[in-house]
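Each chain gets a letter, A, B and C, in the order it is written, and its residues are counted from 1.
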Amino acid sequence: MDISVPLMNSLTLGSLYTLMALGLTMSFSVTKIANFAHAELVTLGGYVTALLVNWMGFGLAESLVAAFFASALLALAMDELVFKPLTRRGSRTLYLLVASIGIGLIVRYILYIYADLNGIITIQTKADIQIVSQVGRAAITTMHLWIFPVTIISVILLHVMFHYTKVGKALRAMADNEDLARVSGIRIYRLRRIMWVIAGGITGVAGGLWSAYSVLTPEAGWQALLRIFAASILGGLVSFWGTIAGGIIIGLAENLGISIANEFFYVNTAYRPLVSFIIIVVVFLFKPTGLAGIDVIGWIKRKMGKGE
Amino acid sequence: MDTKVWGVLLIVVFLLGIGIGYMAKPSAPAAATGGVKTVTVTTTITKTGAAGTAPPKPAEQKEYVIGLAIAVTGGYAVDGPRRRNGAILAIEQINKMLEEAGSPVRLKYIHEDTKTSAEGAIAALEKLNSAGVKMVVGPLATSECKAVLDFLKTNKITAISPSSTGTAAMVKGDFCFRAPSPDKYQGPALANIIWQQGIKKLVILARNDDYGKGLADLVEENFKKLGGQVEKIIYDHTQPDLSADVERASNAVNKFGADAETGVLIIAFDDDGIKILEAARLDPTLSKVRWFGPDSMKRATFLPPKSKEDIALFLQKVHFMATTPAVGSKDNPLVKEFIEEYTKKFGESPEASTYTFYAYDAAWIAGLTVLVAHKYDGVAFQKILPVIAKHFYGVTGWKLLDEYGDAAVPIYDIVAPRKLPDGTWNFVPIGKYDGTTKAVTLFEQP
Amino acid sequence: MADAIIQARGITAGYGKAIIIQDVNIDIERGKITAIVGPNGSGKSTFLKTIFGLTRVFKGQIIYEGRDITKMLPEERARIGLGYVPQVNNVFPNLTVEENLEMGAYARTDKEQVKADLEEIYSVFPILRERKKQKAGSLSGGERQMLAMAMALMGKPRVLLLDEPAAALAPKVVTQIFTKIKEIVASGVTILLVEQHAKRALNLCDMGYVMAGGRVVMKGPGKELLADEKFVEAFLGKR
């Protein structure tokens, strides 16, 4: 069995899911909102990219920047108009979650109406995707040259930001204990806005890449949401490295895993979503902290320490 | 809070959210309500275009309602509105004819969105039924038709689907007629066409619904009968990504040998179709063999400006050809008139979707049936409709129905994507398949 | 009247719709230790949080340096010289010790001075220097309490609110902490201390308030209160 193609697919999808999940991980850890409207940040970014490229003739890079700002703005609006007022009124996280489903529905159907009126319910960003190289039977395309670097750079930037800048550390502090953060003089509402802009923006870029890699409908984000949550939950909902690992694992499970299962056990590829679902359930049952709870570096250090 | 509790909650809400999302799709506003209405018109009816005015005496005007159970959201979000428009045009033309004849009878339509789902179709039919509707144009998909078969029978509602062709809704004596030739004819047609192209080994990629699976089975059965080998891959079309399924197809082609004797048949709708083609065009193996498709692959979605030119170029590279229930030639004055009037009214040519033609014919047949019956009774409609159809020649040709109530004259156009001299892409007819003789005639090579 | 840096005037406050403390009047004298003692649930901690703006104030005013800060956001209060060490959850467990201390100095802009203060803190709490790359969540109770206080000090507060700094700590650590508190006052910082262990607190403080059932029931210099028979009978008698 040649695994080059499913492996490549796994990495591509894993990267895209990671990129989509980073924003969710970020907003969840800071605000504790399981934001279902996160799906719409993906979709909006996708549409902005597709329209700018297809209708206005912009390049993919400029369009992705625009997608960043569009989704950032939407994320900011969600928070300012719904989440923040609700939080201030002391809403429980469950209410916030339900509210996020509501926002998601509203945004999704506004997109639906817009897409319907313009005949773009199914749209594909006309990025020029060509094969640049080949590994085994798998093709490496120009799209991969976008997806992999963007994902890796995003994770590195986020890591640097969260561990080496004052704002990032304050965000982590806020995620740990909001009251204590305030007591330390951290202006939490300003930080919250910064957080939503970055989380929304990255998600928008992910949506833009998705619209070029695959195809976009107003439901695209919603359809991917299960994987996004699975990746984020695998990462323990708080860690970026965990999210990367989560995204790649989801990608592998849904492609390589199912290919192997199909090859040897004749499992229908249609069972793919089940994989994500099982992962969510299993993680919650046995390891609620996700991969973040597994101290890999500590483990390696201990092993190395012993070896020396 | 305890993370485990959260997890369970999250899963529950996930399911709930999916449910809500499903039900909350926007439905197009219903055009009107009420079944049969007797309206006393006291005002003067002015005749358009005529010099004189109609006699000012009050007329007892009778209105018959035709329900349009046509999806405009979900999988048919793009094509559904076109088909609905086709049906609306037919009803308006009938009314114009009646008005000009001075007849006191008028038709009126009520539209309900079936949302491209079995549940949506039942809900739409329930709404129409409670409004007293006994004649319906729709639903579109085979899965929807199948879902409402019992409902139609119990409530004595006659329906004529403009586009269901799947075997799942092929039932004798039911209340659901179908204007296009069903897959019972398309399956063998595809098998024969593909076989006659020299393909001996076929990989079928089909979406996981009644249409996809039904047609895939039919092609498989007929292709094997001809002596060919078949590898069938049914994919879940609701998935965001289908690269694993494309990979399976690629493997299967590899196993058969990527040569002139191997072909791929793709049975997809809009977005799943694009996902597959986008992945397939980048797969070196799949680009080496010939590709085929049924009617659902002859959609504007697969060509620029809706999708990338690369996809169209790929289709051309793999000498893609698709079958589509034959629409009368454009030289036919009936077809010409329809295209003109439709374009004038809706600002888009009906040629964007073949089934717009069928919706138009279906609505004409439905309208004529109601008028001939002269009583608003679903049982009468069910008896009369096949006779009307037998004597009906519309833009999609002769509508003789078989014992299952489905169009019985299986003639298919064979189309291929072409870049026209003006730079636009379109599917153009390159041949014909006559189901009665199993003869494939190609006027040009794919 | 003595020089009060913070005055709480007729404060009625609580959470949501629940009222926890009623009509509380407390003056916090500049450069002194003020202690609030009282049994569990008497509203001491709530009062402390109210000064920092972490509760809902229904009635009354909080005056800081002659300025009404009743409606000010907590983060802004931190920036005008208030510091607060909560009883529990008083460090960021997922941040390293050093990052915690940085967060303590978050609002400060004098970078060089912050660095110098950090060094000073490390020399005062050597254990924190040892653990500076460790996550605060991995510290022991005493270490955590020291970190919390160090964090608050990094903000260079003029008034420090301490909520039961010695609760659940070993006696030796308690002594250390109380010594530290004395040092802090000596450096010119005003302290408001909430303690359940009344004797300990009153011995230390200049002015004491006794709260019960959400109200101030007694007040007076700490030593006087300890000498007051009525007080001893009501709050210490059973010992």
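The working rule: a residue touches a chain if its C-beta (ideal position, glycine included) is under 8 Å from a C-beta of that chain, and two chains touch if they have at least 3 such contacts.
This is a predicted model, so every value here is computed, not measured.
Asker: Given which chains touch which, is the overall layout a line, a ring, a star, complete, or other?
Answerer: line
Asker: State the chain with the largest centre-to-centre distance from chain B, centres being mean CA positions.
Answerer: Between chain B and the rest, the longest centre separation is with C.
Asker: Any idea which chain sits dead centre by C-alpha averages?
Answerer: It is chain A that sits nearest the middle.
Asker: What chain pair shows the greatest number of contacts?
Answerer: A-B
Asker: Indicate the whole-number Å distance between the mean C-alpha point of chain B and the mean C-alpha point of chain C.
Answerer: The separation of the two C-alpha centroids amounts to 74 Å.
Asker: Averaged over CA atoms, how far is the centre of chain A from the centre of chain C? Could you give it in whole Å?
Answerer: 42
Asker: So, what's the distance in Å between the C-alpha centres of chain B and chain A?
Answerer: 36
Asker: Do you know which chain A residues sit against two or more other chains?
Answerer: none
Asker: Per the contact definition, I'd like the list of chain C residues that touch chain A in the complex.
Answerer: Going by the criterion above, the answer is residues 16, 52, 54, 73-76, 78-79, 83-84, 86, 89-95, 99-100, 102-104, 106-107, 151, 155.
Asker: Residues of chain A touching chain B in their complex?
Answerer: Per the stated touch rule, the residues are 2, 5-6, 9, 12-13, 34, 36, 54, 93-94, 97-98, 101, 104-105, 108-109, 112-113, 116, 119, 121-124, 126, 128-129, 131, 134, 137, 139, 141, 213-215, 217, 220, 222-224, 226-227, 229, 233, 254-255, 258-259, 262, 268-273, 280-281, 283-285, 288-289.
Asker: Going by the contact rule at the top, pick out the chain B residues touching chain A in the complex.
Answerer: Counting only chain B, the residues touching chain A are 1, 3-4, 6-11, 13-14, 16-17, 20-21, 24-26, 73, 77-78, 81, 208, 233-236, 238-241, 243-245, 247-248, 250-251, 254, 270-271, 274-275, 278, 282-285, 301, 305-311.
Asker: Applying the document's contact rule, which stretches of chain A touch chain C when the two form their complex?
Answerer: On the chain A side, the touching residues are 90, 166, 169-170, 172-173, 175-177, 179-188, 238.
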